[in-house]
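The chains carry the letters A, B, C, D and E, assigned in the order they are written, with residues numbered from 1 in each.
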Amino acid sequence: MTAILSTRGLRKDFVTAKPLFGEATVVQAVAGVSLDIAAGETFAIVGESGCGKSTLARLLLRLIDPTAGEVWYKGEDLASLPPARLRALRRDLQFIFQDPFSSLNPQMSVGALIEEPMRVHSIGTRTERRAKVADLLTRVGLRPEHADRYPHEFSGGQRQRIGIARALASGPTVLIGDEPVSALDVSIQAQVVNLLEDLKDDFGLTLVIIAHDLAVIRHMADRVAVMYLGEVVECAPAGDLYAHPLHPYAEALLAAIPVASYGARPARTMVEGDPPNPIAPPPGCKFHPRCPYATDICRVERPVLADMGGGRTVACHRATELSLQGLADLEQARTPAARGRFALYAQAMADKTAHNRPE
Amino acid sequence: MTATALLELEGLTIALKGVDQPIVDNVGFTLARGETLCIVGESGCGKSLTSLALMGLLQTPPLTVTRGMARFAGEDLLAMPAARLRQIRGGRMAMIFQEPMTSLNPGLRIGEQIAESVRRHKGVGQAEARARALEMLRRVRIPAPEKRLDEYPHQLSGGMRQRAMIAMALANDPELLIADEPTTALDVTIQAQILKLMKSLQQETGAAMVLITHDLGVVAEMADKVAVMYGGRIIETGTAEQVFTDPQHPYTIGLMSSMPSLGARSGRLVTVPGTVPQPTAMPPGCRFSTRCPFATGACATVPPLTDLGAGHRVACAHAPLTATEAPAMRSTGT
Amino acid sequence: QDLRIGLQDDADVLDPDQARTFVGRIVFESLCDKLVDITPDLEIIPQLATGWEFSEDGLTLTMTLRDDVVFHDGTPFNAEAAVYNLDRSRNLPESRRASEVSSISGVEVVDATTIRITLAAPDATLLAQLSDRAGMMISPAAAETMGLDFGLTPVCSGPYSFVERIQQDRIVLERFEGHWDAANYHFDTVTFLPIPDTTVRLANLRAGDLDMLERLAATDLTSASADASLETAQATSLGYQAMTINVGNGERSGGPLGQDARVRQALSLSIDRSVIAQVVFEGAVAPGNQPWPPTSPWYNADFPIQERDVEAARALLAEAGYPDGVDITVQVANNPVQQQVMQVIQAMAGEAGIRISLEAKEFATLLSDQTAGAYEASQVGWSGRVDPDGNLHQFVTTDGGINDAGYSNAEVDAFLNGARVSNDIDARRAAYNGASAILMEDLPLVYLYHPVWIWAMETGIDGFVPYPDGMIRLAGLTLTE
Amino acid sequence: MTSLATNLATSEALPRRQSRVWRKFRSNKAALLGGIIVAFFVIVALLAPLLPVPGPAVTDWGAVRQGPSAAHPFGTDEIGRDVLSRMIWGARASLMAGVVSVGIAVLVGVPLGVLSGYLRGWTDAAISRVTEALLAAPFLILAIALAAFLGPSLTNAMIAIGISAVPIFIRLARGQTMSVMTEDYVESARAVGLTHWALITRYIVPNIFPPILVQGTLTIATAIIAEASLSFLGLGQQPPAPSWGSMLNVAKNFLEQAPWMALYPGAAIFLVVLGFNLLGDGLRDALDPRDH
Amino acid sequence: MLAFLGRRLLIAIPTIILISIFVFTLQKLLPGDPVLVLAGEERDPAVLEYLREQYRLNDPIIVQYFTWIGNALTGDLGISLRTQEPVLALIGQKLPVTIQLAVMALIIAIAIGVPAGVLSAYKKGTWIDWVANVVALSGLSVPNFWLGIMLILLISVKLGWLPASGYRPFADDPLDSIRVMLMPAFVLGTGLAATLMRHTRSAMLSVLKSDYIRTARAKGLAEHVVLIKHALRNALVPIVTVTTLLFGELLAGAVLTEQIFNIPGFGKLVVDAVFNRDYAVVQGIVLCTGIAFIFMNILADAAYRVLNPRMRDE
């Protein structure tokens, strides 16, 4: 595996309150993460809200400075790069934001927004850039004329496409999406997921996707990292993880997914209670207060990420002894007529796409 | 079923000032005690408006209920005087909102927010209402409820806030509970907890529930009956089993296709192209016709909600759709 | 019975030796007795001094004093006290009176009721000075204990004694039973209330919150006179309003106005003083062209107020080499009335080719600019003194203390210095006339008008006598509600 | 958040941002009224030299403080000048006072505020302390001192009023900058590799502009009143040039004899201030993307 | 909370020093020689020189500043050049007057502004809203001095209901004191009421849009409970901010109001002091208002914490 983006011991502490006297309150948002992301793969990060996913994503691009650790991209440590060099590297590393409403400058036209990365990195002449904007707009399923419009004139899904076009403009090699589809509606979400996959193939991108919709992750990701309270607790190829999670938290996550299928297994609440306070994480394994399998050692000793073979790593003392439940292959319970209808629909959609690109 | 129906909604039509077409059009359903109806549909299809209309909380102007009747235990919610509605609202009929952070008053203690509703509807005193609030917090399984009673919303986590909302809604043992996307803002693990809680509380009290969501997983989890809405209309309704195993309406099919499956990867997702038209630009006739791969000339008239048997009703000119009967493909794009 | 008097300003320190405001003098009038007083016709009459006599050479002045006077603190007034007071005026470093009594070289007690004042040179103005703050007698005992803070709780021998003062709000005096003329004062207390805005001051009088006020706006005179519940009284003041022209005070005197008397004459000729009086004051001022008003015995009838003559003014300008007119800048205090006056003059002078630009300044700036010579012409006034010397000498003699014009003329110096040291009325008059003849040509000051003091009071106040010094003397004043 | 999930098919019909703002503004009757009032006075002020009225300093000794008549529709003032003419020319001074002082306040305050909100840290602390100090010295005291320092004149009054209004704009710009800084699009700009300068000029300034514009119109109204107040203390427009404030100040001495002298400038100030306020309100509503 | 107050006070110190430096240099830059104003009409040069020495006006400005601040630290703010009263005593005398005026004006402003704002937000778009707005704007657009004089002429001269001007210490006769102060407080209050009303309105409008108001209604609470307990309470945070920001406006307004109604307070004192170049007084007053302002801000911060529980845990 050739890693295009790697982190080593990446850490970020946020000072949330600093009284005039006394200790500052520190949140360990990311607590020592080491990852290797291979060129050309789709790498997903999942985890509970507040576990540090967004922070990690921002660290990967050094949109915020890490407290400690390294981020290697093509032989350079982003974490210690001077600002000018960093700005130049931004050409290769791009970001897609979660909220399509707040991530586009409302004062700039769509064309200007998409052109901006090229201008900043002095790519092409003015006319070339114009042409590229038109091209990108078409690629993401919009029309070249839309360049003159302003973001507020577009729907959420369309805006997200504009965001994607902007991220693609400088010709990046790595695209990091912080929940790029969670603000979107079911049907729009599917459109954008398809788009991202198409673009990834066409441009040979490496995709890092953060999401908490596990179905989307399952659909998109090659490998998945599960985070809990600032740490990666498990990292595995997507299929393996879903079928046989090794970490109790991963199991709990999978169990809690409501399955959109009649008569499917009911969602289970394997974990009770809220995630612990990140300001004062519990000793030992951070998950132990909520873990149904916790033993004494979990309460005192912090497990480290261990290689389990097959490209899987997990941080759990009992990883080898437990046999955890994944998601069995789920077959939709549908009447034969319904199946026919679905096939018909899929066929119609496929034909339609062939006729004319999705708007 | 009608005999035991707690709520009968008929022909609810809501108009937006300056828009010709109604924004919620002829929506109706019945609901018996102890039953759960899930309303699904994309954002903006009128789910919230329908529920708000039932509660008498529509923002008027610009919105008005132009037609419809909502018989709640014999009384029409839509026609009763405001004072009478206020007596029912929060007492016999309660609502849980989507955003647990913004739906709680940041300036009042949790206990007071629950207790004031109890005082209002049970006519009890301060102490008794507080005791009831404490009991409710305990029932929704908030840890250390005595302490939480005197805390403010911001001191609670998202999951706890939503539990507090539920406690508030259930404090007066309502007969009808309306929950508008109660778990959308929450994590899967917390969502599972909340849904479980709601289910068990419903079983305890026998309340009827209208649950609004756009997560089909949640629907599968919770629903007895399902109503699928599109563009302000119900386009398909039936029991959960009917709708999941034998969806009829192209939109329902599209919606279900759009959900990535948790099973093995299966290539590109099948999507519903385009977006819901603006309320100002709804097509005449079938509102889904602009996005429907099967649309024909027949879709230019409003399709009635026809019963396909056993209460499974669909509003589509082509229903029931079978592979052999596939109508001519529409090739004009949007 | 309380008498409430509205004043235009707040008084400053209530110490006669340190005080400097006009309204302060009004308060002192009731608070402190003076050695001598004046009549409405400006005759000097006894007050604490029963009589006085100059020696032949004019170098000693002997005064006899009343023997029945006590200060408000009970200590007696006597020759010793008088000497103490005159010495204080002369020697206190903070004394603003020192220049007024600079001619005195020594004061001594002759007996308990007689003092002898020795002068370095004869001084015709001395008695007049003693009729004002320089002649006010304060309690030496109080002055000793209070020192510079005397003004916070002044102790004098006047008909009213000090009760309290709240800065900018009120000064309250009460009747002093031990006063030698107590029977003549009918109010138990007198309250002075500073109310700067003329409209508000009048409104207060009308609303019954004041019993009388000083300096009614001339434009309100008609309506106040018409009001049955009000009465008014007037007296032409001893002072004047003029334009001081910088003729030799630094660089700014270098323009046509400062350098050429003909331009100044043209300016004076272009002004119709009666129009100013009419337009701005509805007639309630006396047009003037001399340091003292036409009503004064010192007024020189040989120089009547000139008629406005635009042609002559233009001719003078042309003669001076400015056929196209001149541009001049005049500074003026930023109060509405003075600004109106200057705007009227601006309009009139403009017709004669003298284009005036106005520079409004707030008073402190105006004053320091004027002293520093940072002006071309300045519209200012003088509150007036009983003796003619006080209205002229210090303004136009070469070493004059307030010679802001920078005027210097040996002849004028000689005339005015001479008039100072002579006790002979005719000789003095001749000297003033001589100086006038020159000043009328040179015009370092272009006199405009003499304000008229206007008092308004509620009907029922009896016995008010208007004095040209603008003071309010309460002797004999009564109020029937 | 209302649904913005609009169909692209209909977006052809959607107006541009600018024209949407204008349409929203136009539909707001109060704002439109305000705009018309302001426009009227601005036009009158601009056209002053062309209007068939006597000069504002032309005096007529024969007609001092005369009531409205055919020759002088608004009457004459204390030294016989035409009140109408002075009103018209006074509009220039009063509007100038408003516009220029707000201009000063904006030009000084906004850059400082943006800097303060952008850089945070010591710069912010320093600027904030100075702002607080400025705020703590009450406006009028500051204005009096400044006007006294610079000498009374309309220009200096404008400077004084402008400087006194600086803290408002510093605070506003700072607050807005900080809130814009939390927006995702600023992070997106950094992700693209924008320089600080580009970030400030292309992202922050355009986005904080609407609230500044609104505050600006409202402050213009305040500044017009402030000029009148300074005139009351003799520190505003200097004679013989007219401003409504100084006219009102003189007129208050003749309330009984010549009420018209006060009536017109008073009414004009009232109308203009009302106009600017209505305009500001309208702009706020029109520019607020939240309720559409 | 205590730590918070302590921190606020610490931060306030540089601000106060800044204010004092600022005002000190500003007034030293003022043209016009204080001594000339002090010297009296005759302006005797010997006296002038003596006074300059006496008041250390010949010292370099830095020395003057440090002398002043040194004395100020010991509680000695110097004496008024004009009347020789100690500045501290003057402040002690004037402060209660202005405080009374300000408090009464604020009460009037709040009593008018807040209910009007609440009502107009609640009835947004109706004629009530419109009337409230126009009335509020009128309050903003009428210069204080103008309204003051009109009221004097109407209420005092024509109707004779209230005294035209003056002041009565509160301790002397509270009722009469309030009566005398009523008209000025009203004049001062109306302008503020307008501002307050408009801020209340917009705060209420945004609060009324929020989800928790819908929640409150969903509980079946009566409208007035929703409006006051749920909406106004939360809208108070911005209202409090505005009220403290109004403090400056209040003082500025007080300057004019005191001028018109002849009230012997801070405003009148400071105007006279500036015009008379009474440095010690100006400096003393500004120091005092500066402290008061900071105090108000601290008070407001404390009020936020009371009103907004989110800010309570630091």
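As a convention for this text, a contact is a pair of C-beta atoms (placed from the backbone, for glycine too) under 8 Å apart; a residue touches a chain by one contact, two chains touch by 3 or more.
Predicted model only: the values in this text are computed from it and were never measured.
Colleague: Identify the chains in contact with chain A as well as chain E, in label order.
Modeller: In this structure, the chains that contact chain E and also chain A are B, D.
Colleague: Looking only at C-beta pairs that count as contacts, which pair of chains has more of them, D-E or C-D?
Modeller: Per the contact counts, D-E leads.
Colleague: Let me spell it out: compute each chain's centre from its C-alpha atoms, then which one is farthest from chain B's centre?
Modeller: C
Colleague: Suppose chain centres are the mean of their C-alpha atoms. Which chain sits farthest from chain A?
Modeller: Checked the centroid distances; the maximum from chain A is C.
Colleague: For chain C and chain E, what's the span in angstrom between their mean Cα positions?
Modeller: 39
Colleague: At what distance in angstrom does the C-alpha mean of chain C lie from that of chain A?
Modeller: 89
Colleague: Measuring from the mean C-alpha position of chain B to the mean C-alpha position of chain E, what distance in angstrom results?
Modeller: The computed centroid separation for chain B versus chain E comes out at 53 Å.
Colleague: Averaging over Cα atoms per chain, report the distance between chain A and chain B in Å.
Modeller: From the centre of chain A to the centre of chain B is 30 Å.
Colleague: Which residues belonging to chain C are in contact with no fewer than two other chains?
Modeller: In chain C, residues 199, 362, 364-365 touch at least two other chains, as defined above.
Colleague: Give me the residues of chain D that touch two or more other chains.
Modeller: Residues 5-9, 148, 151, 249, 252, 255-256.
Colleague: Which parts of chain A, given as residue numbers and ranges, touch two or more other chains?
Modeller: In chain A, the residues touching two or more other chains are 155, 157-158, 185, 188, 359.
Colleague: Can you check the complex and tell me which residues of chain B touch chain A?
Modeller: 42-43, 143, 157-160, 186-193, 195-196, 214-221, 240-241, 244-248, 250, 253-265, 268-275, 293-294, 320-323, 326, 329, 331, 333-334
Colleague: Looking at the complex, which residues from chain E come into contact with chain B?
Modeller: The touching residues are 210-212, 214-222, 225, 229-230, 233-234, 307-310, 312-313.
Colleague: Hey, which residues of chain B end up touching chain E in the complex?
Modeller: Per the touch definition, chain B meets chain E at residues 55, 57, 85-91, 94-95, 97, 99, 102-108, 116-117, 120-121, 152, 154-155, 165, 168.
Colleague: Which of the residues in chain E end up touching chain C in this complex?
Modeller: 30-34, 36-47, 50-51, 54, 80, 82-85, 90, 93-94, 149, 152-153, 156-157, 160, 163-167, 259-264, 268-269, 272, 275-277
Colleague: Within their complex, state which residues of chain A touch chain B.
Modeller: So the residues of chain A touching chain B come out as 48-49, 155, 157-158, 185-191, 193-194, 197, 212, 214-216, 218-220, 239, 242, 252-253, 255-264, 266-275, 327, 329-335, 337-338, 340-346, 348-352, 355-356, 358-359.
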